[in-house]
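The following pair of complexes shares a single chain, chain A, combined with chain B in the former and chain C in the latter.
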Partner chain A sequence: METLLDWSLLSATLWKVAPLLLAALAGAMCARVGIFNVALEGMMLTGAFTAILGNYWFDNVLLGVVFACLCVGALSLLFGYLVIGLQANAIVVGTAINFLATGLTAFSLFAIFGVKGQFRDSAMSGLPKWNIPLVQDIPVVGELLSGHTPLVYLAFLLVVALQFFLFRTVMGFRLLAVGENPVAAKSLGLPVRRYQYGAIVFSGILCGLAGAQLSLGQVTLFTENMTAGRGFIALVATMLGQSNPIGVMGASLLFGFLDTLSTRLQSFSVPTHFTMMFPYAMTIIVMLFFKDKSYLRQSGRLDSK
Partner chain B sequence: MLLQMEGITKRYGGLTANDSVNFSLREGEVHALVGENGAGKSTLMRMLYGEEQPTEGKIRILGEPRAFTAPSDAIKAGIGMVHQHFMLFPSFTVAENIVIGREPKSGGKFDRKAAAEHVRALSEKYGMPVDPSAKVADCPVGVQQRIEILKVLNQGAKLIILDEPTGALTPLEVDWLLRAIRRLAAQGISFILISHKLHEVLGTADRITVLRDGKVTGTVNAADTDAAELSRMMVGRELAPFERKAANAGEAVLAVDRVTVRGPKGGKPLLDNVSFTVRAGEIVGIAGVSGNGQSELLQAVSGLRAVDEGRVALAGADVTNKDAAQFRQAGLAHIPEDRYLWGAAKEESVADNGLMGHVGSLSRRGILRKTEIRDTVSQWVKSFNVKTASLDTKAKHLSGGNMQKLIVAREMAHGTPFVIAAEPTRGVDIGAMETIHDALLKRREERGAILLVSSELTEILKLSDRILVLYEGKIAGELSAEEATEEKISMLMAGGGRD
Partner chain C sequence: MAAINRIGWNKYAQALGMPFMAIALGLFVGAIAIWTVGGSVIDTYAEMWKGAFGSFYFTTTTLTRATPIILAALGVSLAFRAGFFNLGAEGQMILGALAAALAAIYVPGNGLIKILAAAIAGMLAGGLWSLLAGWLDTRFKLNLLITTLLLNYIAMYAAGYMVAFPLKEKGGTGGAQTEMLDSAAWLPKLFAGMTLHAGFLVAVFAALLLAWFLAYTAKGYEIRMLGSNPLFAAFGGVKRGPLMLTSMMISGALAGLAGTFEVLGTQYRYIDNMITSPGYAWSAIMATLLAGSNPIGSALAAILLAALQTGAMGVERNTEVPLEISSVIQSSLILFVSARVTFSFLKRRKARGADGNAA
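Coming up: the complex of A and B.
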């Protein structure tokens, strides 16, 4: 009989949180240049599928991940072109991309692998699990921190890196300026659009990594719509964390923990469908509390003169 | 000559915005550019700042012909621009706002300490005090403008274009700014000053160039001219001498009785036990440094804000804490303080903006009567001389002054017993100002009661029969038209009670 709370719960939180955190950081970078990226869900789903596809084609996990980043990067470029280049409404375009991703991955699943619903290849290897020397031997801490995929470690490293980039470097400062007042930034001669495209493509790459962690991390398979709303929860984590990398990490850990808890509760004969509601219900509750504080910018601010 | 603009012509399709304009600027000179809304001042400056390219003509800097294809070219050539709407980043610090674009760095890292030091030195050098570590959002408008000027100086500007720099400033800040401009000019910085306010221009500039309909009507030395001559050059006709008949006030139309609006918790009340009346056939002016309760008062007597204590009565009906529609029903027309926030829908057409508030009379059984709407609005456009391409033009494409004329026309058309005119001529040129003042005085003749709020003391003095001065949410004093002078009002505005 399992206990409800133990160390493995926290360890599971870490790997569960990785895709969420990567996507939420992607959302934060977009928010920081004044673009509300609702396409995180679709981009993550595309990432999950193309990671499996790349792995299948090249028979190499690393190339699979790179392939996913390239594909989602290209998709985000489309999003960027519509939103920045053509000044389309970011929410409409983002929603369209989400539906496009759902349809396209399901269709490609059948067209390429000839299966419906799920693709699994037992010969395919997933992402390696890294055991950190020394750390893995420490009781509790070892169990907690060791034995995760490289992408889990990368996600947390990125938090630190992005926090430094945004608030310590000149380039990060200018990026914040672009998001704060694009018209003023333009009047200073800052290449506003280049910053925005840069942030969007970077967020696409992060979503590619998030998807790869989902389909090649704990399991090695792709199921239709396997992101199951994680992109939207990431969006909430972005807002809750005020688009600060460290804040976003805190919010993601909260949601990741709830997600893990809901899985755990299933072994206590709590109905699955009830526990699956957890993270989403929490999202709504959190939004009620933080409705005034959400750091949310509309790309529409560009056209106000 | 630092700058020579020779034979500058700019055409947009069939429209000529600038017609062979000549303009020059010496080093250390303040050269004012005046003209009505749409006379072509902004177009000319946009070409100098590289935001637009001239159709014909040459721009020379120190004798060298130059072509600017982007603001960054102009900045490189030592030209800086302070826009009417500030280009600042409100959540950043003062230092960050000033050094942006040329941040001190060590290997990609932004050295904020060095930035603050640099800004401190810069602000001392030019005698423009700022606190480098303050957040811009917390700085008053006058300081924000200082930040803009320092930013431009930091970019190495030798020539600074100031577009309507005094529009949003308090009288004290205006005074300070104009003296700072003279001081910087003495340090060798040249200024182009775009303004509507002739007395400011006359007191500050060395030379004045007047534009009308895209053409230069003359360049004169400030010492050799006066306001009357300048207005004639701007408008192209004599302005009618101003006459105001003695007041013949009747019964109270608006009665404000001991109204209090509480501030944020623990703070001072925004309005503190304010009582006054506005009677039929009189204009009551409210003066005060902005932020002393004018906005709250306006909102309290127009149904936009609830009061915590006291009563408001309009045309005999108690309207305390009723909504805006009920105020209007009771007899209110409102020319609002912020024309874009309260008074217009920028994305909609001129016709639709005119319709606002008139839906009832211009529709039948819920269906809008298009022809009548267009007839009515086009009549307003004609009588108030609103410059617009058509009735279908989006309101955002109208200049501020023309938008204001449309709003005044629309509100006056209600024919209500009570009118609020808040900053009715902000950013409006002389010709339009005359039209708007005439409309207000005409309503007064027709026994209307008018509450005028303005940050322009000249406007308050010119129109008001009685003047109330607000200071920290209280009425600090009341002056009749006869006894009021600019000095007395300024004294009350600064919190010095009557002696």
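Coming up: the complex of A and C.
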């Protein structure tokens, strides 16, 4: 009989949180240039599918991940073109992209692999698990931090990198300016649209990585709609973290922990509805206190340019 | 003649004509998808037509599926018309359905009383849930779009908990569902042996009523004014707060009614995920977008989307092409339409105030 709380729970949190964190960072980048990206779910799902597809076609995990990033990057360009180029409403386009991803992945699953529901190939290898020398020998810390896929480590490195990029580099400041006040940024001669396209494509790549971690990380398979709302939780983590990389990491860790806890509770046949509901309820409450943050105003404008 | 012009048949023609292009493009993308899996495009679309409208039975099945989508789409279009991006139809439908099931089970009396009680409970539950989001907006300036989205999940898990534990059917097969309603409280079927129930008539009536309400009443005019030009509305003495609460309440009540009819007319109990898995609420939002928030147009678009969905089931039964062809067509349709939606949103953006909500 498992106990409710032990170290493996925290370790499981780390790999569960990775796709969430990557997608939430993607959402944060979009929010920072003033675009509310509800398409995270669909982009992640596309990433999960194309990662398996790339792995299957090229028989190479790395190429699979790269292929996923390229495909989702292309999808995000479509999103960007409609939202920035054609000035379509980001929510409408995002919703449509989510539908497109659900339909297209399930459809392609049948068209390419000839199966319905789930594809798995036992010959296919997933992402490698890295054991960190020295760290893995430390009793508890080793179990916690070692033996994850490279994408898990990358996700946390990206938090630091993005925090530095946004708040310590000139380019980052300009990107923030684009989101804060596009008109002022434009009058300074900043290529506003180029920054927005850049952020969207970057978020697409991040979602590709998130999807790859999902389909090639802990398991090596694709099931229809395997993201199961994680993209929306990531969106909520973006809001709760105020689009601040460190904050987003905190929110993702919390939600990832709750997710693992829910899974654990299920084996005790305790109702999980409230742990699952918690992220959404908490975000509404937190929004009451942080309602004046500029990023929320941006999402309020929805189609702010 | 003047009266006819006032409803604006020209606008209806436009509302139908522009999505027509999108439908053609959507079907074209679908054709490419069918072609890639090696199916015959003509045969597949023929099967889709047969699956949706091929026989009286299939036609009524399509209309049954369209019923909740129409009602929810009417609610969404009312909110959109007032300028509020209500994405909460799903949660409102769920709570409406659950409340209706409870009222139909526990309110004593004959069938008619049970049905009326269920309808009132369903509309009240959906309306209040929607009102909560509206109140959070007017009172705390929380972004309506985000709160409605979040409240969906809260409603979903709350209802899931209720039917999995306290309200679970006693001695049942083990699924998370309430007990079966007394057959007196079932909505009558319109045709013997068919799935279509009286809720469809109510939905059609509601579409006409909403079109009339928006076109002819003072409140309807205020709602349209608030949606198309909030500053002008404020100048004209329209109070944003109360009007927002009213329109969110009605919007949620319509979604709640959609959930009610799913319980009273189709499932005869509340089953966990009965609203979420068929994606009724998102179809309703798509229908509204397709029709540019026009009530009668939304109802027709809801029937179109329902037809694509039931048609795809026919396709899956009789050809090699999978069911998902319908979501490919539906989503590309919306992508094409979004370029047109842009146009009206562009016009609105100019007029929006600093704290202006979802356009």
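Basically, the second predicted complex is superposed on the first by the 271 of 305 C-alpha atoms of A that agree within 3 Å, B and C clash if a C-alpha of one lies under 4 Å from a C-alpha of the other, contacts with A are read in each partner's own complex, and residues count from 1 in each chain.
Basically, a contact is a pair of C-beta atoms (placed from the backbone, for glycine too) under 8 Å apart; a residue touches a chain by one contact, two chains touch by 3 or more.
These numbers were taken from a predicted model, which means no experiment stands behind them.
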item: Partner chain in contact with A:L144 - chain B first, chain C second, else both or neither; value: neither
item: Partner chain(s) touched by A:L9 [first = chain B, second = chain C, both, neither]; value: neither
item: First (chain B), second (chain C), both or neither touched by A:M171; value: first
item: Touched partner set for A:L221, first chain B, second chain C, both or neither; value: neither
item: Comparing the two partners chain B and chain C, which touches a greater set of residues in chain A; value: C
item: First (chain B), second (chain C), both or neither touched by A:L265; value: neither
item: Touched partner set for A:V183, first chain B, second chain C, both or neither; value: first
item: Interface residues of chain A shared between complexes with chain B and chain C; value: none
item: Complex interface listing, chain B residues touching chain A; value: 70-72, 75, 81, 83, 86-92, 96, 100-101, 103, 105, 108-110, 396
item: Chain A residues within the chain C interface of the complex; value: 36, 82, 86-89, 91-93, 95-100, 102-104, 106-107, 110-111, 116, 229, 232, 236, 239, 271, 273-274, 276-277, 280-281, 283-284, 287-288, 291, 296, 299-303
item: Touching residues on chain A, where the partner in the complex is chain B; value: 168-174, 176-177, 180-181, 183-184, 187-190, 305
item: Complex contacts: residues of chain C adjacent to chain A; value: 33, 36-37, 85, 87, 136, 140-143, 145-147, 149-151, 153-154, 157-158, 160-161, 164-165, 282, 285-286, 289, 322, 324-328, 330-332, 334-335, 338-339, 341-342, 345-346, 349, 352, 355-359
